[in-house]
Amino acid sequence: MQLLLKRLVEQNRHYTKYGKVANYIPELGKMDPDKLGIVIVDTGGKIYRAGDYDLKFTLQSMSKPIVLLLALMDNGEETVFKKVGKEPTGDPFNSMRKLETLSPPKPLNPMINAGAITVTSLIKGKDSKEKFERILDMVRKISNNPRLNINMDVYLSEKKTGDRNRAIAYFLKDVGILEGDVEEALDLYFKQCSIEVTCEDIANIGMFLANQGIDRKTGKVIAPKYLTQIVKTFMVTCGMYDESGEFAINVGVPSKSGVSGGIISAVPNRMGIGVIGPALNAKGNSIAGVKLLMDLSRELKLSIF
Amino acid sequence: MQLLLKRLVEQNRHYTKYGKVANYIPELGKMDPDKLGIVIVDTGGKIYRAGDYDLKFTLQSMSKPIVLLLALMDNGEETVFKKVGKEPTGDPFNSMRKLETLSPPKPLNPMINAGAITVTSLIKGKDSKEKFERILDMVRKISNNPRLNINMDVYLSEKKTGDRNRAIAYFLKDVGILEGDVEEALDLYFKQCSIEVTCEDIANIGMFLANQGIDRKTGKVIAPKYLTQIVKTFMVTCGMYDESGEFAINVGVPSKSGVSGGIISAVPNRMGIGVIGPALNAKGNSIAGVKLLMDLSRELKLSIF
Amino acid sequence: MQLLLKRLVEQNRHYTKYGKVANYIPELGKMDPDKLGIVIVDTGGKIYRAGDYDLKFTLQSMSKPIVLLLALMDNGEETVFKKVGKEPTGDPFNSMRKLETLSPPKPLNPMINAGAITVTSLIKGKDSKEKFERILDMVRKISNNPRLNINMDVYLSEKKTGDRNRAIAYFLKDVGILEGDVEEALDLYFKQCSIEVTCEDIANIGMFLANQGIDRKTGKVIAPKYLTQIVKTFMVTCGMYDESGEFAINVGVPSKSGVSGGIISAVPNRMGIGVIGPALNAKGNSIAGVKLLMDLSRELKLSIF
Amino acid sequence: MQLLLKRLVEQNRHYTKYGKVANYIPELGKMDPDKLGIVIVDTGGKIYRAGDYDLKFTLQSMSKPIVLLLALMDNGEETVFKKVGKEPTGDPFNSMRKLETLSPPKPLNPMINAGAITVTSLIKGKDSKEKFERILDMVRKISNNPRLNINMDVYLSEKKTGDRNRAIAYFLKDVGILEGDVEEALDLYFKQCSIEVTCEDIANIGMFLANQGIDRKTGKVIAPKYLTQIVKTFMVTCGMYDESGEFAINVGVPSKSGVSGGIISAVPNRMGIGVIGPALNAKGNSIAGVKLLMDLSRELKLSIF
């Protein structure tokens, strides 16, 4: 396995040249585009690492399924899905135009920004500080890493340049989907996106989802199984932006990408995978990371279909 | 003429019952839906008044052609139309979806909110205060009413509930159309919308446009003729929201409506007309005001076509 | 005047180089892109000609206002506008997407293809042959040219390659806007587009509209004045495809263009203008023809605004 | 199992009252809305039947994954996916508007009508007759029912009323996606939709897909495994129209519905399921059939997530 991972990383590293590091958040633009790394954690607890697996990066959109899970635990399915739909969109992650034609104008799913900001606004807590602590606590728990924290530079950069997300949030406020303070919801969203991790952290998160919400080490139920299934279903139908359909065909594993170049994958009952490769393709996914997962899925027959 | 106006007001007043006062800005919702009034100022300086002509109301979207004129005088055609287009849209005034599909994503025209906010951001001035004073000064000058001022209750109400306009403005900022501070541009926009007028004030504004930018009393050129023609053209192609085409057929006079229920009309070289009727139809235009203008246009053969 | 026209043609001819002859209808693609011609007919009956004024070309979209007028005379306003709207769209002439989001799904105006095909289907006649004869008869009458006829090569070329129009027509049939046989309506539409004219013919048509529906020579009322006003209003708000707003600002005269490169203009109570220049800009209008009309409007102060 | 199925059918039958039989194809409108039936075929060859399992109905959109599989076998992945995409849309199955905004304008996936008609046009055969025979032969083979045939009344009804599909096909022809004769492609498409089956037939088809393309009885490879995986992936991401996301969460099994009220489900390596329930919900899926599959999935833990 170790050898396989090493070979696949080397064989796919050249793809990094065809992608670009996200630059709409200036701080993200500083990442090294040539990097490619992977960590796999299996149900038996074995860990395999290859390439630039020790690179640090932020969760970005990879925070969406985690916060969705917490929001579902906080509010129940009915409340959450009154505010956000369950359907893939075929539009880019920051698109707003469907919102205008839909009646009710609720975001089509929790993986696009409009849906994710709405979900974040549903997190419980007596104030903004407590809400974020609950999110951070959840991420720490399911990644088995109590030292995780926010990358302040990225957070401030997001906050400063997040005009599209502001546009989305004010639109949602106007149509009554987003309740409460808009800037507070946005601040919380920018914070969740800025939590800093490594491949091993997100591989553990993948493992947690693959293991149906049960802590692999302690056997403790952290989240109800049926809620982790919901989250994994969204990862298949809309986890890879408007490339989700193609990824489902080529890889066939519930996954969620972020514009930092990270990808969390959860192979049901088998393994969690964490990938990093900051150079992105036009859809916003790690260009080499996707290729690496394609090869891996073929070699290990990981597709759930 | 006096008798004609009186008859037409009475004969169209019952239409007010089929409309609704705008309520998305709470302060506007307090207007009396049964009112209907009109003032005509002709090139000879004669003034005719009928119905509830002394009602006070705010400019709202009627400020758009005025601020456009000032922005054109401040920046020239080229600069303004680099930021905003010249085409009617067929979409509601607060629609954003076209912005997403267009390349470049500039607002289609200066009469929809996205275009108007952009235009407002181009007004010159050393600070926010001076910019508004220049707008207010312009409105006072062309309405021949130096006492005009802001209605603070309406302004604060707009500012508090203007989430859709905020969404639009942050979107424009994100795509690079809106430069400078977003909240400042919005504040200026909310202020221009909140300038309080009567039918006579806006009839004078209509007269000023009908008179090609020349002050009727002093003969002084306040704005270049060709810029007032541009403004009147926009009033025909997109001055009445997504009812502009129908209004052009039925009335055929350059006009601009606002959600307060006011309508400014400029009959080239003949007269300026100011109408108020707070009850609106589904498109956001004064329901009885439009009917009144239809009758008036037919009686006086006002259509420019 | 003669000299002015000659000068303006020569001074604008170089613009033909920046445009392209329409090639989606193969037969149209054979036109000479360097040509530019103009004819003006004034109310006094004087005729001025310059450039390639004797070039033959087909009506294409210039047939739309004429057939609209006939349909209004055949059916009355109410029936026609139950099937087709009065609003400009901001979309290209062959766009279908608005149809899908509108409720009812009626075409936004009679100048886009969807609206024009619908209007054509409303022409009265006991069979397909009589319907076309009535259209041709109308065109002959208002152009004062009883010898006008169809260009069979263009007609057959349109019919063979009109798949987008077929898509539009079947869509309209499906939603219940288009009644009767789809292929028959399309055939009639292709025929009206293929009527062959010269600049003088369309200048006469412009004159007829400028003259409010009255035959300049005989003084006979061919169409009711208010219907010709409706037609001219559409020519302003949507006569130049999605460049109508800009054209209204720059020229300010009710006009209708066709992809053959022709433009009909009607200056109310003053003159009719016919222009030909087969090289088109990106919006589908004669690139040099539009420039020529801009200069002419400025020189003769033709803008109605 | 037999008892379970019986219980679930009875417990969900009342939902049929809340749905409506499709009536846009008149012949489909004649189906009995109260019916609900199911057949399960497992890998061991055991067959379980309950409710109105012997009802006859037509494949409709259930033909899409089958013809896609044949087209992939005929042309290879590359050729097929040059013409049609892999992404879910979030739009209704007969929507055309995305086609207009996409560049290239290829249908987003093979499960919406635009994509399916394109796929059908790629089926090989020396003439129209042979093409259909190859499709019918494929359906017969994978349903283990050599007696399957077309329902002529439904076919003629589809052909007569298929104006929306005609609009889609002519649009695809115009933009160069659909090659060859439009009416021939449509005729083939109407025929594939009109193949008449029972629940057992489609349960066998589900079984064939669950069994990775291998004939359960003979062990013969009818289609390559990786192509059946592609087909099943599409069934998850876009098999249930714009309710696919919700269905994936609630049932979690690759499935394809048709407006006849049928649903084919393929539980990888476990079973094929065929359901019929002609009363549809607003999205076009069998209203009671979906509920029945939800219960079944929960009882037997069928979700692949």
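In this document, chain identifiers A, B, C and D correspond to the written order of the chains, with residue numbering beginning at 1 in each.
Convention: contacts are C-beta pairs under 8 Å (C-beta built on N, C-alpha and C of every residue); 3 or more make two chains touch, one makes a residue touch a chain.
As the structure is a prediction and not an experimental result, all values here were calculated from the model.
**Student:** Measuring between Cα centroids, what's the chain most distant from subunit D?
**Tutor:** Following the centroid criterion, the farthest chain would be B.
**Student:** Round to the nearest whole Å and give the separation of the Cα centres of subunit A and subunit C.
**Tutor:** Comparing mean C-alpha positions, subunit C is 54 Å from subunit A.
**Student:** How many Å are there between the centre of subunit B and the centre of subunit C, using C-alpha atoms for each centre?
**Tutor:** 32
**Student:** In subunit C, what residues contact two or more other chains?
**Tutor:** Residue numbers touching two or more other chains: 101.
**Student:** I'd like to see which chains touch which, written out pair by pair.
**Tutor:** Chain pairs that touch: A-B, A-D, B-C, C-D.
**Student:** So in the complex, which bits of subunit A are touching subunit B?
**Tutor:** 95-97, 100-101, 163-164, 166-171, 173-174, 182
**Student:** Taking the touch rule as given, give the residues of subunit A at its contact with subunit D in the complex, in rising order.
**Tutor:** 85-91, 98, 108-109, 229-230, 232-234, 236-238, 242-246, 248-249, 252, 254, 268, 303-305
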